[in-house]
Amino acid sequence: MKKRLALGMGGLAAFAMVASGCAGGSTSTESSAAAASAPAASAAASAPAEAPVCGGSIAVMAPLTGGAASIGQEQLNFAKLAVDDFNAANSSTYALVESDTQLDAGQASTQSTSIVSDSAIIGVVGPAGSQEVSAVGPAFSEAGLGFVSASATNPDLTNGDNPTFFRVVPTDAVQGPTDAEFIAGTIGAKKVVVIEEKTDYGTGIAKSVADALTAAGVANEVIAVPEDKKSYDDVVSKVGDDVDVVFVTFQVAAKSEQVAQSLVKSGKKAVVFGSDGSFSGDFKTGGSYVSAFAPDIKGIPAAADVAQRFSDAYGEFGTFGPPVYVATQSILQAAQRACAAGASDRAGVLAELKNTNIAGSILGGDIAFDAMGDVNGAKFYIFKLDESGAPQLVQ
Amino acid sequence: MEYFGEQLVNGVVMGGVYALIALGYTLIYGVLQFLNLAHGELYMMGAFFGFFTMTALGGPSASAVPVAVMIGIMFIVAMGGGALLGVAVERFAYRPLRNSSRLAPLISALGVSLFLQNAALLLFGARVRLYDTGQFIDLRSGISIGRIRIDPTEMMVVIGALLLMAGLWLMVNRTRLGRAMRAVAVDQDAAVMNGIDVDRTVVWTFAIASGLAGAAGVMSGLLLYPVDQYMGVFAGLKGFSAAVLGGIGSIPGAMLGGFLLGITEALVTGYLNPTYADFIAFLILILVLLIRPRGILGRPAIAKV
Amino acid sequence: MSTTPEDSRGIGTDEWVAQHGERAQRGTGLYARIGEAWMGLPSLVRWGIPLLLVVLVPFAGSNDYILRIGINLGLFLLLALGLNLVVGYSGLLDLGFIAFYGFGAYAYAALASEQFGLHLPSLLAIVIVVVTTAAFGFTLGLPSRRLTGDYLAIATLFFGQMFVVLMVSSDAVQFPWMDEPMDLTGGANGISNVDQLSVLGFTFDSNLSYYLLLIVLVVLATVATKRIHFSRHGLAWRSLGEDSLAAQHMTIPTVRLKLLAFTLGAGIAGLAGAIFASVQQGVYPSTFELPLLITIYAAIILGGLGSIPGVLLGAAIMTILPELLRFPEYSNWLFLVVLILGTIMYLKSWKLVPAVFAGMIAIGFIANVIFLAIGVPYLTTAEWAKGPLAPVLGSWIFMPEERVLIGNIAFVALVVAVAWMSLLTRRTTIILLPFVLWLAIFTWEVRLMLEPSITRQLLVGALLVVLMATRPQGIFGKPRVEVL
Amino acid sequence: MTERTPLLELRDVNTYYGQIHILQGVNLRVFEGEFVALLGGNACGKSTTLKTAVGLVTPKSGSVLIDGVEVTKEKPGERIRRGIAVVPENRRLFGPMTVMENLQIGAYTRSHVPKEDYDYVFDLFPKVAERRNQLAGTLSGGEQQMVAVARALMSKPKLLLMDEPSMGLSPLLVEQSFELIDDLHRQGVSMLVVEQNANMALSVADRGYVLQTGRVVLEGPAADLAQDAELRKAYLGR
Amino acid sequence: MMSGSPESESNPTPALELIDITKRFGGLTSLDALSLAVAPSEILSVIGPNGAGKTTFFNVITGVYTPDEGDVLLFGESIRGVDPHKVARRGVARTFQNVRLFQNLTVRENITAAMYGRTNASLFDIVFRTPRARREERENEERVLDALSFFGTRLQGYRLDQPAYSLSYANRRRLEVARAMATGASVLLLDEPAAGMNPKETQEITEIIGRLRDERSYTIVVIEHDMHVVEGVSDRVIALDHGVKIAEGSFEDVATHPAVIEAYLGRGSAARK
């Protein structure tokens, strides 16, 4: 502390000398520089001895501003945490490059060219939306650049059109049937209302759930709502008294809570079942259900520490962040392996990305990709919210 | 019929919020003939101010003061904060442009919107906030007629909106400040020549309009609308539509427009398809404009040849 | 009774104020002289130099990203030139303009993708797109017969909004004559895998090809606009924008010309939309929302409404600047350069400049000392404090431990300080300037650098406000002067 | 000339609009009880002089004094409180407001307006009293002129400034306006009237100034000015 | 009521004829069964108090308002309810009481804009600069100078490329007249052409109005408050009050007509003039 005080004083004094045009200024500057070198030296000494070898840039494509900023900022922060953790553990120098897409495929497409043009970038986390993935896919595959999304769940994305695309979350094709089966079986619902939010996320999951429900013989009605709808009371009024479950497909958990509260206050018996977008502390009406592609990460020993450090640094988080941590990890590890093998270019990283195997990831299981880029052994978990709003694993 | 009543209540409640936002647009347009497109952002800021006041007072569950007092303070802070911000926006973004073309303040307003949204993102973080009204108000209480229920927050919104409108109407039509506002609206130069301080009148106009936006922000928070940086964009559009529908510049018009828009939205949602609610609302708006170019209660333009 | 001797023209002849106005039109000083010299060049040179530079870009070691920005700029220029006909000339505030762009893009996607299994030849598709978009523009122009000014703006704004709603929600449209609901627009997912343009056997499959195509189109559009500007149609449009009633009395069929402006503007937007769809090989509804409208309007107003170079410059600013700000390495420099140049230009005095900057430097160290004295914990080294001067720089702009909190406070303080300063006299402003400058750099380093994406949007917003406040008529716009 | 304090004084006023030098060292005084006419052609600075006096335009140099008090930096409202009032060019009534509200706005600068003050103007203009609840925009030209004057009188001015009272009026109304002005003057209201219609103005004024390209080129008693050959040639027609 | 003037009897088809025109706004009757005729190359002045319906009279002729009753004939053909731009094309041009120039267009552009109805170049011609477009451009240039030549050097030289807003008030009024001429009209409606002008300028505009008739055979209707102008230019004067013609005839006849003095001129005016 004192040294820094001296430094500040010294700087000021030196500045005063120079400013007043004092002839002896040079000596004074020297002395101040000498004083200044002390902390610099100590800072250098505190750094680890062995020199870091591996590094490179990883781009994060996410809606960092605009209407979906709450998702994008959480994703960005998890990516930052992952890189910091990894660098600290491996003495590497990986860096993040922000790429704000505002969840708009057009901007994502433009940004993809920027990322492709920056040769320092060896891998991409994101983009967040499925339509963005389709928009950037051609550019990235042409550049041989691997990209790992943590939230694009449209099953069509891994049909072979995007050979460099990977994702760490299961698709709607997994979530829909799982949720529908639970609603039909465990809950035993006879009638379900599916609220489809008109986003690429909401549309996909709503369709998959509705199809699976129909297949399971559960009567269901899909109500589509625009993304910018503010009040859901009028939608809830449409929910009949005989409806058992209202399945919601919001990206923002607060809206699921809004629907749940509205159901409670209008005295309807229906409970809300939220898709993975609702998995967040904001959704907490007791008795509701929510599905997630991972067991609650706060309950996983491997993840508890990450969750804690994230909360300390950036505050609360929802469902879109933790997979980004894993997605970033997968690229970092691939890069590290490529670096060790002496092929730390895009091709090397992409090749290694295919061999991803994160044992005991913070999402609960091991993470590895299949040939199409989907995560292996994808499974959905279902939680019931207790009276305090905490999720309890029920399947 | 009960279902219709239910949807009507939903519509009126939504309409109350729209109407409050619309009042701000209408007031500023009435005085300056200028669309304050940043109005929605003041509403957003009001919602945040209310939220942070609530948190500072001990949050939704463990309030340090009685609930009524807490809500009162939330409103005061949000309205005061909104008013201050509104006055600042007027001073720095609009006043330099008062005598320039009509488009310049429009662009300036868009700049202000962009700035405020991102300042909120920077300062408050990206997380979506919820007021969690259920924690301190029993939403299951309130009036119910058959299946039609009106919970306390809904009552508060509707009554509050009506009271604020009545107050505003009285203020504009019965007070010295109101007269000054109307005089400035008709002819700024003539107003100055009668000793009216135009700048001060405009400042008050912005303060009142922005205060109303702040109140609307808290109300929508209490109604459990998610609070985020971009909530003002669409709400602003709705409030603005309401003002235009009712006849921009007219205070009862703004109220009428707000309620009409809310009811339309609820009925279209209730009987047709929610995704088309906005489509139909906009369609009605365009039709009304084509039939009555100045809105339902708007004064026809005086043609000068 | 007295008569001023120097009066020579005699009482009763008074055209002098107006002549003063005429004289004041001519600028003075260095900028004006540079401007005059530039305007003195033959127009072929004036337009040729920038064009040459633009054409050379791809051959000067640029990459796909720069080309892509160029393509976006080209699309923007087309849109801006089209919109300029409607807003800049005819004074019709068409806030639904983006819908035409979207309509063009969607129409092209419908005609050249798997959505309906149609893969029309590009030329045919484009002709159909332009014609239908123009027809759509004509339809939306119809209300302009009855609605004027703000009310027309409002009605068109809602048309624009309806377009997006319609695109998002038309993925399951139940026609009475069909059994299954039909997917017309792909809903929120949009339409992907749209065909690329292919004309006479040449397929536009690279950014370079689109870049060059757009240069050609923009040049054609600019030349056409320039020719229209002084022609009878251009004059008629501008007259009706000035005073629609007077124009009617001067033989100008205002209704027809308004509709023509709408139609033509829409046609151009439709063309741009079709190219956009094929560049991106997809269309998505989120593209055509308010932010794009804002950007395009900002472009034409920023440059100066109705001025062709203004429109071009405005579009360039609104495309390139936000992209530059994406990268901390550029935005850093941009920030510092703007700050320093801005200060110098404001001070206009070589004596004051060093004094102010010296004050700014001193304040950093003073702040450092004060913060230490009151015991605020902090870390010294900022990221940019590198090299031999690192320790000095590090204690000039120090990194507080509570970076976000203190950064937020600094940000609010900075905004308040700048706003407040703009109200003060020049003298007081200069005294406060060093403090505000240091605070700006401090805020930048401590907080804004941490969130480049948010900072970028903040700066664009602030830029719009500041530019409008300092030059309401736009960069190349001519002020409307009312004499007495 | 006596050494009384003028009600209104402009001392060496220089005014600019942007780069245009409008008033070039204008000196002007109006004493209590006087009726002063300010004459000149178009765009010679007449209106600017008036605007400078009221405070709508701030001079770059020189000063404005009301009743001997320097008011150059004061806002119009404060100056009106000091006892000047304006009847603007083209009357500029607040059309969508009632006559009564127009009068209330005239009294805007006063915190309390006793009922007698309204009665005073209603006595002066019975027509205005009759129309008090009518919208000002629906009145005829002559009535509007009366309301405009009544509105200005509501601030209890010591000095009334009138900007082109004959502008756009038919000959009959011009005549009536000047009768009204003359009447008010006889009742003791001091006046500064800006007028293009020199003939009419000089027939009722005590004193006059002639403005030319932003300078006062002639000043003196109205009767003398009316005889000035050059002025006659320029303004008084054949 | 005065009888029709001798000119209109001698000429079978009047340039402009109003037959029993009535125009109401809400409960207010602005023009009440007004009939009048203007012979070719005649200058008719219309006087009357504010709100007498003078400007409504112009607006009915030019098609801004459609009369509730009655007909408007231009050289014997009805132009009732025809759009303003078509009326203008058929030969009626006007100026405005409050000067409505295209403020931000230059002098040259203001005049060229008014020639829209006389030119034919399509957008195609313009964009591709076809011979037709070029020819028209040259013709326009000549016509601009021709219209302006009427005002001496007032609007020429460097002023050609000045925006209209920078002109002096008198020059704006002149430009408005020149713009009306440029439409190719044969009937000019001038709404208070001398308003706000000083005596010298008033005299000048009075002369110009006379020359417009003498040199270019324009038929002219003038609304004016300035009796010097009315006296100086009028072949015939009509006085309106409350939409009704209260007097018609020579200047002397009308100016001394008791109803006109009562409603419009005032008793002092004759004495003072």
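Order as written gives the chain letters A, B, C, D and E; numbering starts at 1 within each chain.
FYI, a residue touches a chain if its C-beta (ideal position, glycine included) is under 8 Å from a C-beta of that chain, and two chains touch if they have at least 3 such contacts.
Keep in mind the model is a prediction, meaning the values are calculated, not measured.
Chains that touch both subunit B and subunit E are the following: C, D. Comparing the CA-atom centres of all chains against that of subunit B, the greatest distance is found for E. When chain centres are taken as C-alpha averages, the shortest distance to the whole-protein C-alpha average belongs to C. Averaged C-alpha coordinates give centres for subunit A and subunit B that are 35 Å from one another.
Here the CA centre of subunit C is 44 Å from the CA centre of subunit E. In terms of their C-alpha centroids, the spacing between subunit A and subunit E amounts to 73 Å. With centres taken as mean Cα positions, subunit C sits 29 Å from subunit B. The set of subunit E residues touching two or more other chains comprises 64, 96, 168-170, 198-200.
Residue positions of subunit A touching 2 or more other chains, listed in rising order: 65-66, 198, 224, 226.
Multi-chain contact residues of subunit D (touching two or more other chains): 41-43, 234-235.
Only residues 47-51, 168-170, 192, 195-201, 225, 227-228, 263-266, 268-269, 272 of subunit E touch subunit D when the two sit together in their complex.
The part of subunit B that touches subunit C in the complex is made up of residues 33, 35, 88, 91-93, 96-97, 100-108, 110-119, 121-123, 233, 237, 240-241, 244, 248, 273, 275-276, 278-279, 282-283, 285-286, 289-290, 293-294, 305. Residue ranges of subunit D in contact with subunit E, taken from their complex: 41-43, 140-141, 167-176, 196, 199, 203, 234-238.
Looking at the complex, you find that subunit B touches subunit A at residues 3, 6-7, 10-11, 13-14, 17, 117-118, 121, 125-130, 133-134, 139-140, 149, 151, 220, 223-226, 228-231, 233-235, 265-266, 269-270, 273-275, 277-278. Every residue of subunit B that touches subunit D in the complex is listed here, in rising order: 176, 179-180, 182-183, 186-187, 189-197, 299, 302.
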